[in-house]
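Inspection log for the structure reproduced underneath, given as structure tokens.
Should a chain be cited, it is by its letter among A, B, C, D, E and F, assigned in written order, with residues numbered from 1 in that chain.
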Amino acid sequence: MTPSDRGRSLFRFAAPQVFYPLAGRLAPWFAALAAVLTLAGLWLGFFVAPTDATQGEVYRVIFIHVPAAWMSMFIYLIMAFWAAVGLVMNTRLSFIMSQALAPTGAMFCFVALWTGALWGKPTWGAYWVWDARLTSQLLLLFLYLGFIALTRAIEDPRRADRAGAIIALVGAVNVPIIYFSVQWWNTLHQGASVSLTKAPSMATTMLAGMLVMALAAWAYTIAVVLWRVRPMILERERHTEWVGALLDQESTERGGRA
Amino acid sequence: MLSTFLAVLRRDLLLAWRGRADVLVTLAFFIIVVCLFPFGVGAEPNLLRAIAPGVLWVAALLACLLSLHRLFAQDHVDGTLEQLLLSSESAVLWVGAKVLAFWLSTGLPVVAVAPALALLLDLEQGGLPVLVLSLTLGTPTLALLGAVGAALTLGLRGGGMLLALLVLPLFVPVLIFGAGAVEAELSGTGAAAHLLLLGGGLAGALALAPWACAAALRISTE
Amino acid sequence: MLEVQDLACLKGDRLLFRDLAFRLQAGDLLRVAGPNGVGKTSLLRLVTGLAMPEAGEVRWQGESIRRVREAFHGELLYLGHLAALNDLLTPLENLRFATSAVGDAVDEEACMQALVRIGLGNQLDLPARVLSAGQRRRVGLARLFLSAGRRLWVLDEPFTALDVHAVADLAATLSDHCAAGGMVMLTTHQDAPFARPPAVLDVGAFAC
Amino acid sequence: MQWESWSAFWEMGGAAGFVWGSYGVTFLLVALELVLVLRRRKEAVRKLLRWRRAIGKDRNGRTDARMESQ
Amino acid sequence: MLSTFLAVLRRDLLLAWRGRADVLVTLAFFIIVVCLFPFGVGAEPNLLRAIAPGVLWVAALLACLLSLHRLFAQDHVDGTLEQLLLSSESAVLWVGAKVLAFWLSTGLPVVAVAPALALLLDLEQGGLPVLVLSLTLGTPTLALLGAVGAALTLGLRGGGMLLALLVLPLFVPVLIFGAGAVEAELSGTGAAAHLLLLGGGLAGALALAPWACAAALRISTE
Amino acid sequence: MLEVQDLACLKGDRLLFRDLAFRLQAGDLLRVAGPNGVGKTSLLRLVTGLAMPEAGEVRWQGESIRRVREAFHGELLYLGHLAALNDLLTPLENLRFATSAVGDAVDEEACMQALVRIGLGNQLDLPARVLSAGQRRRVGLARLFLSAGRRLWVLDEPFTALDVHAVADLAATLSDHCAAGGMVMLTTHQDAPFARPPAVLDVGAFAC
């Protein structure tokens, strides 16, 4: 074995090398898609959908509230999926994916809570009630925060990857448990004085606006995650030759520009 | 195989005995938190009675939470954990022993004094057996789930608090069914369903937590 | 027996060493040398399997230690920088636990003799908290007398804090273990009177 | 189109605070996230370049020199 | 003279910043404890509103209590405390700096988020300013009293719990007047008397606690 | 200058030593010797005033150190077994804090130079947690270069974990301090190349 062979066999993570430029090329397209869909959704939501008979204009919050709530739950599932893949297959890219998803998921989770609270005040008369769905959303936010806090608190990336993966999986097992327990807990105490399912049956234009906004949220998530994955790949693969070459190129460009 | 389990169990119980102060103080914490409530909320008996099961369960949960970081911390600092991980036995074994010893020395005393405190808050007598039963089923679950969190946050700065953040969402279902059992019993609905769910949770935690915990420990000491 | 190939160790930003390779055979005493911070402790932890290498492999009897973890750990004794003493327990209790936790069946009498032999006869009943620096170290080292059955000893600065007599004693014990067909791998910055001068592995030569 | 005027649109039937509060915070967070994400790459590249210079792997140091001499 | 004070203050704030996670997590703990109560007690809004001031204050107290052990522990373990005691400046100075930095990094955030949590428990809006004021006066008192306890229990086994046991009796009056202030305001009696007492407590603690704490530190490191 | 009279030290129920007496004058380098557990660390802590003697007195310039505590601590530098490093701070931050906390006005530049001089030039920005054993020790020792103004240095096993170069360096620094009229009192089990052989105080001779 020649020394250079050895050097190459030292770092043999091909996948990130392929994924890095791919992510860079795809992300702007998804971002553009997200922008277009958002504009379309807002137009549908504000100018096409009619005023709601019972709630008046407040209901227009729905066009971000529901997509955000959906995204926050989907993203957690995807995060846990990548964590599991990482633990089983021992691929670094999966861990990176799951960590790149978390902040966006937490953001959507917070948005769902915030918009729900602002919606609740005029419709229920309180910013917050301990309804089952609301409560499980709050706990989901805590799960996100725990995952982020843990992965940030550990400096060694390898340890952070695995520890984060474990807590993501434990959390994923717990999400349904939390959801059902909270539901049961609540119905025991008070009759469903407030219930989201009693929401007014929707006009098709409302539904369309909501769906378009949900698609926009998907596109946005994909774009942001692709962008976030790139520097994470660079940082972890900095010892590889391809990152070295890439950085050299980058610094020449900078030097050239200066 | 059993020798590792027994060695760890024996040592941890010996340590608990040597550091009796600790065990007593976990208890004292439980008692004090419960006693703080009348000060904070006001001494009205009806109000206190209404919140009694919730307060007792929350206090038990906090007492467990606050002693959790002790579970592996000392062994991590002084290098014992490294040695245990170098044992040729499966880590699941001694992790189980450690959690068992932990529960015996912190959970059990809490379960034992809970009825007395319930009387202090004027909980109706009919609720006492259910309270004890729900704590007996619930606190081991808390210990098992908490052990995973303790292993993950080992040696991190602010570990104790990070631990709290990680495990509290996991503790919520236990709390709901635990406190719910007592309230259901008092309201006449019957606590059987709640207790069954608590039992199921314990079985699930017993089956999964030691593995997760052992994996977490290997990661944390790397 | 123990074979290390192409080992690389990454700490944070820094690749400490790469392409490190050596082998250890029955009777070998290997001293890992190098200046402070070169990566000796890191190497020892890789060899024991407590840490995972960035690249390369550690082999025990020809098999990767990750595959034969249990068998390997059954043959290994590792004493690190940390003494693995619980401050509340006495030296005797600590030693008994340390041996039985890793599955060695050692009775109390043997533990006591090991402690007396290493010079802690008067401290058997004190909590480890009040021991002096050298006495703490000795409790850890007492395990050596009870681990003749473990073939590979990996010791990180075992001579630290020991007085001259204890150093000579320990060196003799290590030499005996090798003479009986064991293997010892240690780091130290001090000279010690070994029976035969040990082989030296200079980590600095593999540094990046 | 159901709005009589722009001011009616901005008033949102009296629920302006709630509706615009929701949309405002959401888009603020989205903008913030985008800024952070895009800046993060630049920072990472800068940090990595500094690191490569520190460990003396920077082949570009030489290229730069060559370019200057040209 | 001031140089020691400033050096310690600067370092402790730097450490708090370096370990931001810590500060955030103390906060998260406060939030979570408040959120646990509805799970234990049930979601009925009237009940929750009645216990809201008490729950908020108990949670603030617990959050303070649980971060207290951090105040000197690290410095004790790594020998920094010994070095500080060998400084030729008076120990009262740097003890004051440490407590100040501690309050800034744990008490202040709790005071800042308390109003949001009060809304979660549906506390009437009129009570919010009094809640914030009472916490602003009360939490520094807790920190000062707690520092004495932290110094006394330094390096003892089960320190965290022993600490809780020692300082909780001292904390109870603060809790009573703090939660009482909010309740008095809501019931229309006016909170002035309560707030005055809290202010007096703070002044007293400021005058005495640093001395007691310095003395306790000397004893603990011997 | 430093005078110790009739000192006795009781630990638990064991009287470690009694009637221990010595004096240290400008330029003296004193090595406290004795086997493990004889009471060297205990003696050093008595001398610095961190612990109180069972009997006897420690005098600084003729006055009991309990009466002139502040003046005495202004002249004293003590480095114990523990490195007094915060794991989160960098060596530079640790060193700056260590000096300014005891009231020495030292600027950042000087701290940096001290660290570079002691061989930590590449570790200035790492958190102390990841340093190797020897590097941790060095951060503490860097204070020596900034404390020439403090006349009495009391060092507990300063050579522990240091590599051979660092040991030689440190010995030279200590010899220089004495040559410049300072006083050094240290314990060690290792030999070190001092400029002049140090005076030896055998604690074992006073043991009970």
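Note that in this section a residue touches a chain if its C-beta (ideal position, glycine included) is under 8 Å from a C-beta of that chain, and two chains touch if they have at least 3 such contacts.
Here is each chain with its UniProt name: A = Heme exporter protein C; C, F = Cytochrome c biogenesis heme-transporting ATPase CcmA; D = Heme exporter protein D.
Keep in mind that this is a model prediction, so the values were computed, not measured.
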Graph distance between chain A and chain E, where chains that touch are linked: 1
Centroid-based (C-alpha) most distant chain relative to chain C: D
Residue-number overlap at the chain C/chain F interface, same or different (half cut): same
Comparison of A-C and B-C (more C-beta pairs in contact): B-C
Approximate Å spacing (C-alpha centroids) for the pair chain D, chain E: 38
Geometric centre distance via CA averages, chain F-chain C, whole Å: 29
Whole-Å gap between the CA centroids of chain A and chain F: 55
Chain B-chain D separation of Cα centroids, rounded to whole Å: 44
Two or more partner chains touched - positions in chain B: 19, 157-158, 162, 165, 168, 172, 176, 183, 222
Residue list for chain F, restricted to those that touch at least two other chains: 81, 87-88
Touching two or more other chains - residues of chain D: 51
Chain E-facing residues of chain F, complex: 48-52, 69-71, 73-74, 76, 78, 80-89, 93, 97-98, 100-103, 105
Of all residues in chain B, those that touch chain C in their complex: 3-4, 7-8, 11, 14-15, 18-19, 74-75, 77-80, 82-89, 94, 221-222
Touching residues on chain C, where the partner in the complex is chain F: 11-12, 34-37, 40-41, 81, 119, 123, 126, 130-135, 138, 157, 160-167, 189-190
Complex interface listing, chain C residues touching chain A: 6, 8, 10, 12-13, 15, 18-19, 52, 54-55
Contact footprint of chain B on chain E as seen in their complex: 19, 21-22, 25-26, 28-29, 32-33, 36-37, 39-42, 47, 50-51, 53-55, 57-58, 61-62, 66-67, 70, 156-158, 160-162, 164-165, 168, 172, 175-176, 179, 183
